[in-house]
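Naming follows writing order (A, B, C and D), and every chain is counted from residue 1.
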Amino acid sequence: MRVKVAIGLRPGVLDPEAVAIERSLKGLGFPDVANVKRQKIIELDVGAPDREAALTAARAMCEKLLANPVIESYTIDIA
Amino acid sequence: MTSSDSSAITPKTVAEHGLSSTEFERIKEILGRAPNLVELGIFSVMWSEHCSYKSSRRHLAKFPTKAPWVVQGPGENAGVVDIGDGQVVVFKMESHNHPSYIEPYQGAATGVGGIMRDIFTMGARPVAVLDALRFGEPRHPKTRHLISGVVAGIGGYGNCVGVPTVGGECTFHASFNGNILVNAMCVGIAHADKVFYARAAGVGNPVVYVGAKTGRDGIHGATMASAEFTDETEAKRPTVQVGDPFTEKLLIEACLELMARDCIVAIQDMGAAGLTSSSFEMAASGGTGIEMDLDQVPLRETGMTAYEIMLSESQERMLIVLKAGHEDEARAIFEKWELDFATVGHVTDTGRMVLRMGGEVVADLPVAPVSGASPVYDRPTLPSPKLLPIMGVTGAPPMDVREAALKLLGSPDIASKRWLYEQYDHLVRGDTVQRPGGDAAVVRVDGSKKGLALTTDCTPRYCEADPFQGGMQAVAEAWRNLIAVGARPLAITNCLNFGNPERPRIMGQLVACIEGMAEACRVLDFPVVSGNVSLYNETDGRPIQPTPNVGGVGLIDDLARMTGLALPGEGFVILMVGE
Amino acid sequence: MRAAIITFPGSNREVDLARALEAATGHRPLSVWHKESELPDLDLIALPGGFSYGDYLRCGAVAARSPIMTEIARQAGRGVAVIGICNGFQILTEAGLLPGVLMRNKGLAFLCKPVTLEVATRQSVFTSGYEAGQEVVFPVAHHDGNYTIDAEGQKRLEDEDRVAFRYKGELNGSVGRIAGILSTGRNVLGLMPHPEDATEPLQGSIDGKPLFASLAAALG
Amino acid sequence: MRVKVAIGLRPGVLDPEAVAIERSLKGLGFPDVANVKRQKIIELDVGAPDREAALTAARAMCEKLLANPVIESYTIDIA
């Protein structure tokens, strides 16, 4: 099954990249841009037989590798 | 309850701030009343082991700190040593152990960022970083994750800022399984007559805040649970700081540009305990007072309280006292570098720190006792048990020499660390003349034929077996590494990493290591000019091996006379000297 | 030779580059801040290494949209020599002055070490001081040096003799082991390794010197 | 209006980070993982009066900065 994991920074964590993007867009003629937030999406086939198993596998992958729980949180979507 | 209300300070709140009941009584005595939460938070950080050195201070006094070439010894942001031609070298080492264990990348990165700020705060351009790393056993399940995160974090920060990481150490031992050590040293060069100190002076002079905005980073866990937070989700905010090397790079350039003019009275970076320690230290060393309006502090998040603003450990921020009338000049420089700039207060002659927010006074504290009257402990010590010496093997060697040599070369501590230092830009600035891989790194003093030799050393195993001898050995090894490249050793910095000092055996290790180091420094005329202490390095009652890392700096007057370890060719005579 | 070094917030090898240029030409290059929108008459425009804008979004992406880049494109169009090293190369590709893109190194780690390169063409003002096929050692120091271009683009580079430097061995995943390329007009060079840090014996290699000497000879 | 831009690599462009993630996951005990793809999401307020204007602005931002057409393609979603 195909799984889609979305990983973002937890609230309150500094995101210098988002700040740089916002400032650059403003400079490029979009003065009204605000509240830039970034996320990473990782899509993958997990080879699980059903939704339940896919969800469990994806959650384990996030905990072990994909997300950094100290500063990131994640959501999982199953196609 | 509001921040300025003191009625809700319970013994539990006091304990959560890491203060003992005796310490709390002392606070009430100083103030003549109970502190409010903001004030309690300020005391808790200013009197923490980290800021006050309450367990180690009386022993640190044993280090020799003077020599004709020492310009500034311990007590400022970093040590300063004369290298001739109107130039000085500025250096210091610092730990970031705990944050690096929790979040290896950001913990190590912000450690590098912090130590760099200590250096450029004094007017020096950072020219080199070294890192002394201690990990658990290579096979321990967490080691790989920790080491790759830490190395990437150090590289990620240093590489981006453009300061070469030229040397360090990396060893492994089971005692570090649950408590790694990440110590970083930064070295900078300044003009002798352009060294800046953190002494706030001149009544009415503006106090300005520059750099990145303040967020809720790093406000320590215990205080999260205090009465002021009701929202569950708020309480779960991460307490690790996230670094932004890009902002740090801009901050270096902007500060050095401002320092080239004549507008700065005092400058201090916001390191641990951020706005609190920087403002108190500047006022204390200047013997002045400061009034600040916290509404002027640039904030990253909405709804931050005075308590959070004062305790935030957001990175890449500095506090500066300007000469009155120079604000516009300074603002223009920081705006050019796209950094925040705000006048947040002014210097007073009251000897008090007065903080306002929303028109209300949220803290009013006497400066001197908060920074100077922290408790000093003379903790009991116990000597380390003498370990049995390993007897020389008699009879046939247990394995053949070739096999033994390969085994030694393949052991994690001795094996080449190339995989590690190739991830560090050790060449940027074009002055690295001895790269990682030798005895000491050598960095040319830009535009001259002089070079600085740099090394970090310590063998925790020796310090565990015999703390006094181990302390001496660490200093002696640094000395040897410096002379091995042809340098004249100048001075050292250090970072003393130990377990819980409230346990007499650990305290005994700390004291004996210090005394051993001090003895070697005295004999070698190799003074200590800066340093840092990191205690409570243990998990589940299991302490780390005592690790007093030494960072040595030496001077090569003419790089043409530098030596290295490569054999230059055939036909040379090999000599062995010493005992 | 009148040369200018463009600095962006986050540039960090401008010092090394200025020193190498000054040693080769006897003149200190002009230092130009990225917010400028005009340049004086110049013979060489140099974009140094570093982490402009922290490498955020994509390496070189934000810097490539700086006001100065329009002017650099105009001057490059008129035939002025432009060199971009490391982050400078990334900026030139992001700005469309050179084809392709530099992606994350195949090994994902930052790499700092001396590498052996082959001078793939001497037909340019940058490389005329080398022998064709000469092996040289320059250090690299990058995280994103994996040169990527589609097959058609690569063929064009090869057919038009626009590969300037090639890694001798596999280093970072670059197609065709490409380390540096020239523009169609051959007056714009982008390369990942750092010739400016290989110009003095103390730096361990002086193989970068001929590059700056070639420029000094060609541009006066 | 809040806009969500998803940026991914064009087909055929090799993504070393995706390759590394796949390899690590396999090593961590998920042998069946396959076809790992990464995307970046950038969410932002564009300050446009209506959907149409927001879409136009977002498209311009992608062309000017957010995506590199040599290797990336993007899709735009309006909340």
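Heads up, the rule we're going with is that a contact is a pair of C-beta atoms (placed from the backbone, for glycine too) under 8 Å apart; a residue touches a chain by one contact, two chains touch by 3 or more.
Which chain is which protein? Per UniProt: A, D = Phosphoribosylformylglycinamidine synthase subunit PurS; C = Phosphoribosylformylglycinamidine synthase subunit PurQ.
Because the structure is a prediction, the values reported are computed rather than measured.
Novice: Please tell me whether C-D or A-C has the greater number of C-beta pairs in contact.
Specialist: Top pair by contacting C-beta pairs is C-D.
Novice: Please report how many Å separate the Cα centroid of chain C from that of chain D, as a whole number.
Specialist: 29
Novice: Can you work out the whole-Å distance between the CA centroids of chain A and chain D?
Specialist: Going by mean C-alpha positions, chain A sits 11 Å from chain D.
Novice: Let me have the rounded angstrom distance from the C-alpha centre of chain B over to the C-alpha centre of chain C, please.
Specialist: Measuring from centre to centre gives 37 Å for this pair.
Novice: Residues of chain C touching 2+ other chains?
Specialist: Residue numbers touching two or more other chains: 53-54, 56-57, 62, 65.
Novice: Spell out, as numbers or ranges, the residues of chain D touching 2 or more other chains.
Specialist: Within chain D, the residues that touch at least two other chains are 64-66.
Novice: Which residues belonging to chain B are in contact with no fewer than two other chains?
Specialist: Where chain B meets two or more other chains at a single residue, that happens at 244, 246-247, 338.
Novice: Can you give me every chain pair that touches, using the contact definition above?
Specialist: Touch list across chains, by label: A-B, A-C, A-D, B-C, C-D.
Novice: Taking the touch rule as given, give the residues of chain B at its contact with chain C in the complex, in rising order.
Specialist: 152, 155-156, 159-162, 244-247, 249-250, 336-338, 421-430, 432-433, 435, 444, 446, 559
Novice: Which part of chain A faces chain B closely enough to touch in the complex?
Specialist: 10-14, 16, 20, 23, 68, 70-71
Novice: Give every residue of chain C touching chain B within the complex, in rising order.
Specialist: Those in contact with chain B are residues 9-10, 12-13, 15-16, 19-20, 33, 49-51, 53-56, 109-113, 139, 141, 143, 194, 196-197, 200, 202-204.
Novice: Can you list the residues on chain C that touch chain A in the complex?
Specialist: Those in contact with chain A are residues 53-54, 56-57, 62, 65.
Novice: Please output the residues of chain B touching chain A within their complex, sorted ascending.
Specialist: Going through chain B, the ones touching chain A are 102-103, 105-106, 212, 215-217, 233, 237-238, 240, 242, 244, 246-247, 300-301, 314-315, 338.
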